[in-house]
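Following this line, the structures themselves.
The same chain A turns up in both complexes below, where it pairs with chain B and then with chain C.
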Partner chain A sequence: MDISMFSIILFFISFFGVLFSNNIIKTIISVLIMQTATVLFWLTLNVTGTTPEAPIIYDPALLDDIQIIADPVPQSATITAIIIGFAVSAIVITMFNSMCRQYGTADWETMERLATGGVD
Partner chain B sequence: MTYPILILALVCAVIIIAEHRVYRMIIYFGIFSLIVSVGYLLLGAPDVAMAEAVTSAFSTIFFIVCVERYYNSERNTESVNKKTKWFGWAISLLLTAAGFVVYLLFIPQAEPAEFLKDLYLTRFMTDVGGENSITAIYLAYRVYDTLFEALILVISVVAVVHLSYFVGSTPDKGRRSEIERSGMTAFTMRLICPVIFIFAIYLIANGHISAGGGFQGGLAVATFFICRYLIHGIYDLPVKVIVRLEEVIFIAIVAVAIFVVVLGISAYIPDSILPVYRVIYLIMMNILIGLKVACGFFVLFYRFITIERR
Partner chain C sequence: MLPFFVIGPVLVAVILFITSGNRIMQALSVVFQAGLLAASVWLLIQTRETVVYFNIGDYDSLLGIVLRANSLSAVFVFLTAFIFLAIFIFTYKDKREQYMFRFLLFILEAALIGLFLTGDFFNIFVLVEVSTLVIVILTMYDRERRNVFYGKIFLLLNIVAIQFFLLGLGYLYRLTGVLNLAAATEILATTDKSDLVLPYTLIMTAVAFKCSLIPFFSWLPKVRLYPGAPSGVAAILSGLQIKSAIYIYICFSDLFSPVAAPELFVVLGIIMGLFGAVMAFCQTDIKLLLAYSTISQVGLIMIGLNSGCEYSRIGGLYHIVNHAVFKTTLFLCASVIIRVYGTADITRIRGVFKRMPVVSVAAFLAVLGIIGAPFFNGSISKYFITYDIPQWLYAVVIVLSLCTIVYYYKFSVMFTGKADNSDIEIEKCWVAPIAFLGVTRLAGGIFGPQIIEFFFRYPVSINAFGYFQKTMIFFASVAAGFWIFKYADKIRWLESLGSLRAGFKTLCGSLLVFFIVMTLYVGL
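After this line comes the complex of A and B, so read on.
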């Protein structure tokens, strides 16, 4: 099995979680797992073998066999992606917190019913 | 070794989706992130593994702080373990299966491009300097990404401060949570604190020659300050000053990046001092980014603690 298939399966597991969950916290966690799956997909995209070397070239002789070194481009992109994902999740948790204080529930349907004034 | 770790991560994700008790879900999410970061390490990405491990620790804390309040308000009103109707299951499964089939059928399985990898790996030591190609890429080749990432972190800190605004922003000094009253925890944190700080300085200062860098070191600095907070419990920190400091550091990052990378100053530097100049640039950018990330994360943590306390 191709190693990037793991990230696809992980993505669809979390997709199922987003569709299926009726709890807001579970939805947030599912979206975070989806982000992790995306990062994993980037890191497994250009991999030969299962354990490549880290792209830290302390000896120029390592560059003779460039195939066993991991691709540094997705890695540097995903570091920023992880930090941004955390920042976004902090905003989402804060929004959930203020909504939870106002309506006193973490259930999607109950919160929708309360927010629309009992009209379904 | 990579395959069992990734299979374990899949199993952990399934457990999270199937779990309906919120506290357990959050702890499983922390375990999941730990497993995935080990997977990143095995896939040859130590920098990404470090960032993932530390941010997952932070998000676990945030979720627990958030959920504590949710449980307090929800415990008496409704049951948490609400059953989903069968057609909810069926529709979700059907849509997921449909998406997977669409992926298998329509995504072209092309060979990934090796061009940028070869170019960066063979040239970064003469172009940028240092030994860590990831630092070289995000500080020189793709510095715009880093600038916008720093901007988004600033925006998120401002948004969190704005969304969690309330009158009288310092909570009661007398109220301390369970973990802060525990003497064992305080003693352990006193022991760990200096180690974390030395490790953070090591990560920032050695970011250009080994795994680590500004982001990971900044997260470790924020962890150090959070440990100090949990030991001493200082409640009247000047949050506005820290937010303003973060913005000033962001402007400094943009100024240094424009001055060095965009204007191409290194073309006018004589060859004899060029390596020193490059190392100074890398270390300075790592220090600035580390300070900025530390300020941002500490403000986020502080706001969350004050949310919990009010």
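After this line comes the complex of A and C, so read on.
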């Protein structure tokens, strides 16, 4: 199967994980898998066979030797995305950790009831 | 010159952090902010003639990171600098750990300005993430327990939405092979339309989420963040953060103009406009009322931007500027009132005018602006939004204005009545920015056409007869609004509607449903 197709399927599987998990840890894990799927999709972009579309600048003299070229731009972009994803998930997990210690639960509904005091 | 707008705030933030609350440095940071405002005026004048470019590291514009300022982004940069200056002055004497708070505010400002100036779409993603992260931390700054919970939901939802955005950008990159917005626009004009559907819907799902447009739940956690957020942050959330999302919306709907579906966003604008207004009326918390009012006004802006008429679009753009300024005024006023009275319950606050005349007058000017009273800026933008749109849409906008008037009656009631004694002193640094912002409302109305010409380089003129006609409609709606307010205020079940809530899974579900509906609509 094509890897980019696989990454799309993985994306939606993890989305359903987000939709149907009651446990906050499972939700966070699903979101992280979602990020991984997106990164995988970016990495499969513009990997070309014989006709290199990328990188944008190329040296014609080099083309004779190289048969498969992967575009470097998505790679640098995904590194940025991974770093940002790391920062964001670190904060989410820290928030979860402190709330979990305070309320002693990892269940969405129970935590909502406790955190908002049942009133609006 | 352009990198200065992004680097400058970051450097000041770092210096503030290192000197950890040195008084002189604090004062200097406000001076720096004033300088940034002056520089943004310079940028506005520069971009009147040409688009200003800056290639970081002197690489080719297709390879390197490009900063570019066109007339639209210059307006947004100016708006950001202006509102942040007001907030820095407002929070000048706050007692909490000042330098940390300022540090985060400056980082947020850098991220927002970078968002408006960047010329490639991957950086838009990066800066959206950074600004979301900073704003979530800022809203939890007071460690209010409800805010920590809703902040977590808000952040997780944003990560989910931004993954849609990133996936859409991946498709876009696959089609174009460039990250540069200008180059991508050229390439997409010749691309097959059916290839564009999926990237368009993926990106627009995330952007509509960011604009709080998706019916019916996605904006709930954001709205819930307002009551516990520090005063300045609530103003930024509604004054600037939503505006940055609208800026991204404008960028990407230009980019995808071959497949764009503006009529869908007009419908969304109408739904959210009316729904936000009804929800605003159901609230008893001042900040919640103002927050729902923002959602309603974003609906109005969306109607203006997407109706496909020239004047209406200009009116929508001008309403973005106006709304940012009057909502900031109202939030700052609300936080002064909450501090003085010690409660946010609108039914228990009375006699604000007797106790704080200057703040009340400024708030009242902002209310007049938002409901579109003649000679105020809101009337100018509403005049242009309704200038050349179809009749049925005009009727919708009139109903929307009527709803706005009704819930601002509820807001204005607290200015009346007797004041009881209180010993809380009102700081000068609270009153000064509020009063100044209030007066700009009147200036924005009287010099409306000139300001539109200056900001958007689009010469407009006001037809005296048409304006008079709209003024008559306004007075009729004020009268009708009072009657509706008297009647609706007695209905009990509205209050239970106001406390609508939804869990995280419902919110994600609405995102998915929106994506599917939009893909089907655009694809078929």
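Throughout what follows, the second predicted complex is superposed on the first by the 96 of 120 C-alpha atoms of A that agree within 3 Å, B and C clash if a C-alpha of one lies under 4 Å from a C-alpha of the other, contacts with A are read in each partner's own complex, and residues count from 1 in each chain.
As a working rule, a contact is a pair of C-beta atoms (placed from the backbone, for glycine too) under 8 Å apart; a residue touches a chain by one contact, two chains touch by 3 or more.
Computed from a prediction, not measured in an experiment: that's the story for all the values here.
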Review point. After superposition on the shared chain, which partner residues are touched by A:Q35: those of chain B (first), chain C (second), both, or neither?
Key: second
Practice item. For A:A87, decide between first (touching chain B), second (touching chain C), both and neither. Key: both
Practice item. Considering only touches as defined above, state whether A:G104 meets chain B (first), chain C (second), both or neither. Key: first
Point to revise | Which of chain B and chain C A:A115 touches, first, second, both or neither | key: second
Practice item. Using the touch definition from the top, say if A:N23 reaches chain B (first), chain C (second), both or neither. Key: first
Practice item. Would you check which partner chain A:I9 touches, where first means chain B only, second means chain C only, and both and neither mean what they say? Key: first
Review point. Just which bits of chain A does chain B share with chain C as contact spots?
Key: 8, 15, 19-20, 45-46, 53-54, 56-57, 71, 73, 77, 80, 84-85, 87-89, 91, 95-96, 98
Review point. Across the complex, what residues on chain B touch chain A?
Key: 1-3, 6-7, 9-10, 13-14, 16-17, 20, 22, 25-26, 29, 32-33, 36, 39-40, 42-48, 51-52, 55, 58-59, 62-63, 66-67, 69-70, 73-74, 77-78, 80, 82, 84, 88-89, 91-93, 95-96, 99-100, 103, 112, 114, 116-118, 120-122, 125, 131-135, 137-138, 142, 145-146, 149, 152-153, 155-157, 159-160, 163-164, 209-211, 213, 215, 293, 296, 300, 303-304, 307
Review point. Residues of chain A touching chain C in their complex?
Key: 8, 11, 15, 18-20, 27-28, 31, 34-35, 37-38, 41-42, 45-46, 53-54, 56-57, 71, 73-74, 77, 80-81, 84-85, 87-89, 91-92, 95-96, 98-99, 102, 108-109, 111-112, 115-117, 120
**Study point:** Residue ranges of chain A in contact with chain B within the complex
**Key:** 3, 6, 8-10, 12-17, 19-23, 25-26, 29-30, 32-33, 36, 39-40, 43-47, 50-58, 60, 63, 66, 69-73, 75-80, 82-91, 93-98, 100-101, 104-107, 110
Point to revise | Residues of chain C defined as touching chain A within the complex | key: 60, 62-63, 122, 125-126, 129-130, 133, 136-137, 145-146, 148-149, 151-152, 155-156, 159-160, 163, 166-167, 170, 173-174, 177-179, 498-499, 501, 503-505, 508-509, 512
